[in-house]
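Both complexes below contain chain A, partnered by chain B and then by chain C.
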Partner chain A sequence: MPSDLGHIRDKVRGYILQNLLFTDDASQLPDDVSLLERGIIDSTGVLEIVMYLEETFGIKVKDSDMLPENFDRVDSIARFVARTVDAK
Partner chain B sequence: MRELRLLHDSLLAATDDPARLAKTAVIVEGRPYTYAELVDHALRLAAALRARGLGRGDRVAIYMDNTWPCVVSIFATLIAGGVFLIVNPQTKADKLAFILDDSGAKFLLSDAHLAKEYGAALAQAQQRPATIVSGDAADGAESFDAVVAAAAPLAGRAATIPLDLAALIYTSGSTGNPKGVMQTHQSMTFAAGSLVEYIRLGASDRILCALPLAFDYGLYQLLMSVRLGATLVLERSFTFPAQVFARMRETRVTVFPGVPTVFAMLLAAHGREPLLFPDVTRVTNTAAALPDDFAVRLREVFPNALIYKMYGLTECKRVSYLEPELVDAKPGSVGKAIPGTEVYLLSAEGHDVPPGETGILHVRGPHVMLGYWNRPDLTALMLKPGRLPGERVLCTQDHFRMDAEGFLYFVGRTDDIIKTRGEKVSPVEVENMLHAIDGVREAAVVGVPDELLGQAIRAFVVLKPGATLTDRQIRAYCASHLENFMVPRDIVLCADLPRTTTGKVSKKLLLEQPPA
Partner chain C sequence: MCAIAGFVGVPGRTVEDRATLERMIGTLSHRGPDGRGFHLDAGIGLGHARLSIIDLATGDQPIFTPDGTVCTVFNGEIFNYVELREELRRLGHRFHTASDTEVIVHLYERHGDRFVEHLNGQFAIALWDSKRRRFVLARDRAGIRPLYHATADGRLWFASEIKALLAAAPSLGALDPRGLVETFTFWGPVDPDSVFRGVESLPPGHLLAIEADGRRTLTRYWDWTFPEQGSARPFDSIEDATAELRNLLVDAVRLQLRADVPVGAYLSGGLDSSGIVALIRGFTKTPVRTFSIAFEDAEFDESAHQQAMVRHLGTDHTTVLCAKRDIGEAFPTLIRHTEAPVLRTAPAPLMLLSRAVRAAGYKVVLTGEGADEVFAGYDLFKEAKVRRFWARQPESTWRPKLLGRLYGYLEHSPVENAAFARAFFGQGREHIDRAIFAHVPRWTTSQRALAFLSPELKAAVGPWDPLAFYEARLPQDILRWTPLARDQYVEAKSLMAAYLLSSQGDRVAMANSIEGRFPYLDHRLIEFANRLPPQWKIRGLTEKHILRRALHGLLPDDIVTRTKQPYRAPDAQSFFAGGEPLDFVADLLSAGRVRAAGYFDAAAVSRLFEKCRAGRATGFADNQAFVGILSTMLLDELLVRRRERQPAESLST
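So, the complex of A and B:
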């Protein structure tokens, strides 16, 4: 069964809000905003997100997957996780 | 060939050289731009700035990511006779407003995606610079692309001479507010030439720059590259290392400048999936000491590279470098003065210091700053009378040791500036931000050792009676008011801060406290 994209997206957004923006206000983080351009992530932020994804979804993120197309938006992170989980 | 007197002379010299014009000057996130495009766009923007009132010596604030418009803006400002200052795009509104007011910038050049911060900064700044932004311009700002396209290339040259200012380079200071280091065309042209010489760079080099152009280490990659007619491979940041590595392979980068945090990330990645860059022939490190074992492991990743350990401060760009052939023979050393300059150690009383003993590092050379913009008081602390009449030398306030052969060893700083991820952070600046939070009675900030970051920022916070702030709320406030690298990694809530006998908060005792 394919992964529930909506569920993954909510968890990812929740994590970023709590741990990188330190807020519960979901309006601070639209799904399609560039995390890099908004200054929300930097190199350590990406590593924190990767560690969270590996723990929460039981996936392994390769260094070569850590690219803006996979990690620059909540939406793209959720799609990346869903793809990786489904490929397991 | 004409003399290179001004910082942009080497770029304008390309106009007489068809081969140079056709060559790739910059590859920005994979997209190449030729020297012809750089000259053309810079001359057009220069004309547009002049037409909008930019006069000789006027400041232009460039608050942009590492982008093509940023590169164009730097050279356009110089060509137009102005003084550029680059503000890190991570900077938040309050600090940007301070810098705009302090510099008296007449123009603000920015990116549309930074509108939230620059909009708030302009609303609180005392003066309103004219604003030009790349991307979708709004709120009275002009569009960068439209401005460049509409202007004809500037004809004629500005009246600039080598003693005029080229840039203000803002750097953190122990007093809390950043200060603008004044650098002239002469000093920057000299420094770029000295660096090019000892790093042994040439026109065929392809130099990576994933460091912010707002950081002088990043900026000089561009200046050196254009000086030589080489190619700069410009990346926005090291946030996505795999992307940077892919680009390095694709463009066959030959020069890799980094700071210890970047090398730590690179070596960690190498540990997971082996990395190999045989095209890289020079690797440079500055901003913080490169651990000795890094140099050994970096040779696995860069088997054909010379590895340079260097030391510097914005006030003179660079102080010293260790000849790469001596990396193993002189562990822990940052070498000798860069070509054309000299260094010496003096005691606190101003006497010569014998070999092996600790003294305060003094730097003499054409690369030394003119002073801090608007801050003669702080300038007087750093620039001291030299041995020749009227001469001023840079007193770095850093403690060093020199061996009998003249090699330098860093001992320590005399201020409490924190170095994290290669960035200088003023504890006072972070403390001021913490004090501004409603509910905070007192705060003290220290740097603690960290393998990846060099130092991590730890804040001890005392709340007012009845306040219910959590560490998360405090970090949230910091994250919205400070650059990412300045946000404390640890917040320790405590009942009181330890003090010295004179009642001052004791940072020494704080450093001895457990993290939580």
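So, the complex of A and C:
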């Protein structure tokens, strides 16, 4: 069964809101906003997200997957997780 | 070194004015424990707290001209006072003391407000001309010694530190939202702003005159200036320039060793401070005692390099070992001295170091501060060079790889991952033609802390474009200079004068009655270096190239060729032990206390607090926000609230 993309997206958004934006207000983080351009994540922010994804979804993020296109938006992170989980 | 405080304006009752002056000076006794002096007359009051360094016997202040009409109090040192006295004597001036202070009033008699152009030193001066009933404040060129002023109750009040102003005019005791936002963005308030409402800093290189009729004139008598891009080279060869630089360095060190007490020096383990000690050893007969900080945490520690230098130079050396907990525990005292929020804890270990210097019986230390600004030592300059180089061919994949050569010393380096490095350092490319281009990445990171501000504080600041704001305070012709010159100018003002020389310089040294001296900031050296072509400062990606050449032969090769490691200290982790916050941290960052103070959003702060407590805050942005918020809350506690509850004098400890 393919992973529930909506569920992953909500969890990822919740994590970024609480741990990188320090808020519950979901309006601060639309799905398609660029995390890099808005300065929401820096290099250590990426490491934090990767650690969270590995712990929460039981996946391994390979060096070759560490690309801005996989991590720049809530939506792209959720799709990346879903793809990786399904490929397991 | 010392403290000054006083007023000019509406005359009052002598008894009360005297009490006010004593109260002001009383808050500054850490700067001048060796004596006090006052001068009071109708509408003028000058106070002085002395740290005796030159002319121990007759150097008490205030000091007057022989006819008693011109009077000064000053904080700092005039290093070329020996030469100035000789010259003035030849011109018929008679001196009553052996102090450096006395040259100030004589130069004023002869040159008027242009007296300040003759001084080589670090100073904050207040001068009263009783014949013309005019008053003058002046501050040194680089901004080494602080000088604040405010207008209240029909008077201009001035002081070395803000706490003395608050002791005279309690109405000033509120934090200014704009000053806070500037500090959270640029690391320090932008001249002439401070973080206290109504309090201004006299900018470096400026003189403020107040005439008998109350008219005020602010004059900039000196600034960092650079030649226009494409100007003719001032030297035939880098060899000639290096030789001249070596002579200037030797002379700057020789002048700054002038003191009637023994002089120490800081050794960081890097090129700059090692160079100063080597110059003292190589070109003077002054014995030198050295001091350094070592960290328990290997990421920050440079003691192996320090020990290598100690062996090479053969100095009598003291190392202060600094643990995270020491930083956390020293932090409230630190903030009482900085009188501004800080975004890093790095000043705290320096305060512990100055305490050790004092305990060893020293009052004066020479340091390497300034070399990175004058000779372009910071990574920021190299990073900007790569970003500009890359922006010329944005599609290039190898150009950004040069960034991989920077930041090797960081545990969580922003260039660890090439794809992200490209994404981060490619940001802000649209600002390439602006004078603030190099600083956009740093200010973007710092500014993330603004997300924690309360809605009320955000509303008080209103819409604010930090880049345009900073640009508006830059010299008109800055874009005619080379890109490196622009970067150096912004750095000299934003980070150096507003933070490094203040919160991490004067304040942490004076907290323990220690005077810091900075030979690289001798204005002749700044003027010399500003004329050099940029590639003599950064050659390829090697910083401070010409300084390395000038120090060649004085230092072991591995020090001369070593890449700069910035001085850093553990940040948020300093405030937690075993997953628990230090007591004052828990109190000040509790939701109730944060809400009552009104500067920050309590819910956001508690999330950040939890992240730091759990040891999950690894990036610069989170750490800077945490340290910035905590220091603002301390400022509120120590200089706003507690001052309301206690007499001012008790703040001086």
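Miscellaneous remarks
Definition applied: the second predicted complex is superposed on the first by the 88 of 88 C-alpha atoms of A that agree within 3 Å, B and C clash if a C-alpha of one lies under 4 Å from a C-alpha of the other, contacts with A are read in each partner's own complex, and residues count from 1 in each chain.
The rule we apply is simple: a contact is a pair of C-beta atoms (placed from the backbone, for glycine too) under 8 Å apart; a residue touches a chain by one contact, two chains touch by 3 or more.
From a predicted model like this one, the values you see are computed outputs, not experimental measurements.
By the touch criterion defined above, A:E37 lies against chain B and chain C together after alignment on the C-alpha atoms of chain A. With both structures placed on the common chain, the touch criterion links A:E48 to chain C but leaves chain B unconnected. Using the contact criterion defined above for the overlaid structures, shared-chain residue A:K62 touches chain B, although it does not reach chain C.
Overlap of the chain B and chain C interfaces on chain A comprises residues 18, 21-23, 36-37, 39, 42-46, 63, 66-68. Residues of chain A touching chain C in their complex: 18-19, 21-24, 36-37, 39, 42-48, 63, 66-68, 72.
Contact residues on chain B toward chain A in their complex (touch as defined above): 65, 89-90, 111, 113-114, 116, 236-243, 261, 265, 269, 272-273, 452-453, 472-473, 475-476, 479, 484-485.
Contacts from chain A toward chain B in the complex involve residues 18, 20-23, 34, 36-39, 41-46, 62-68, 71. On the chain C side of its complex with chain A, the touching residues are 412-417, 419-424, 427, 444-445, 447-448, 451-452, 603-605, 607-608, 611, 616, 618-621.
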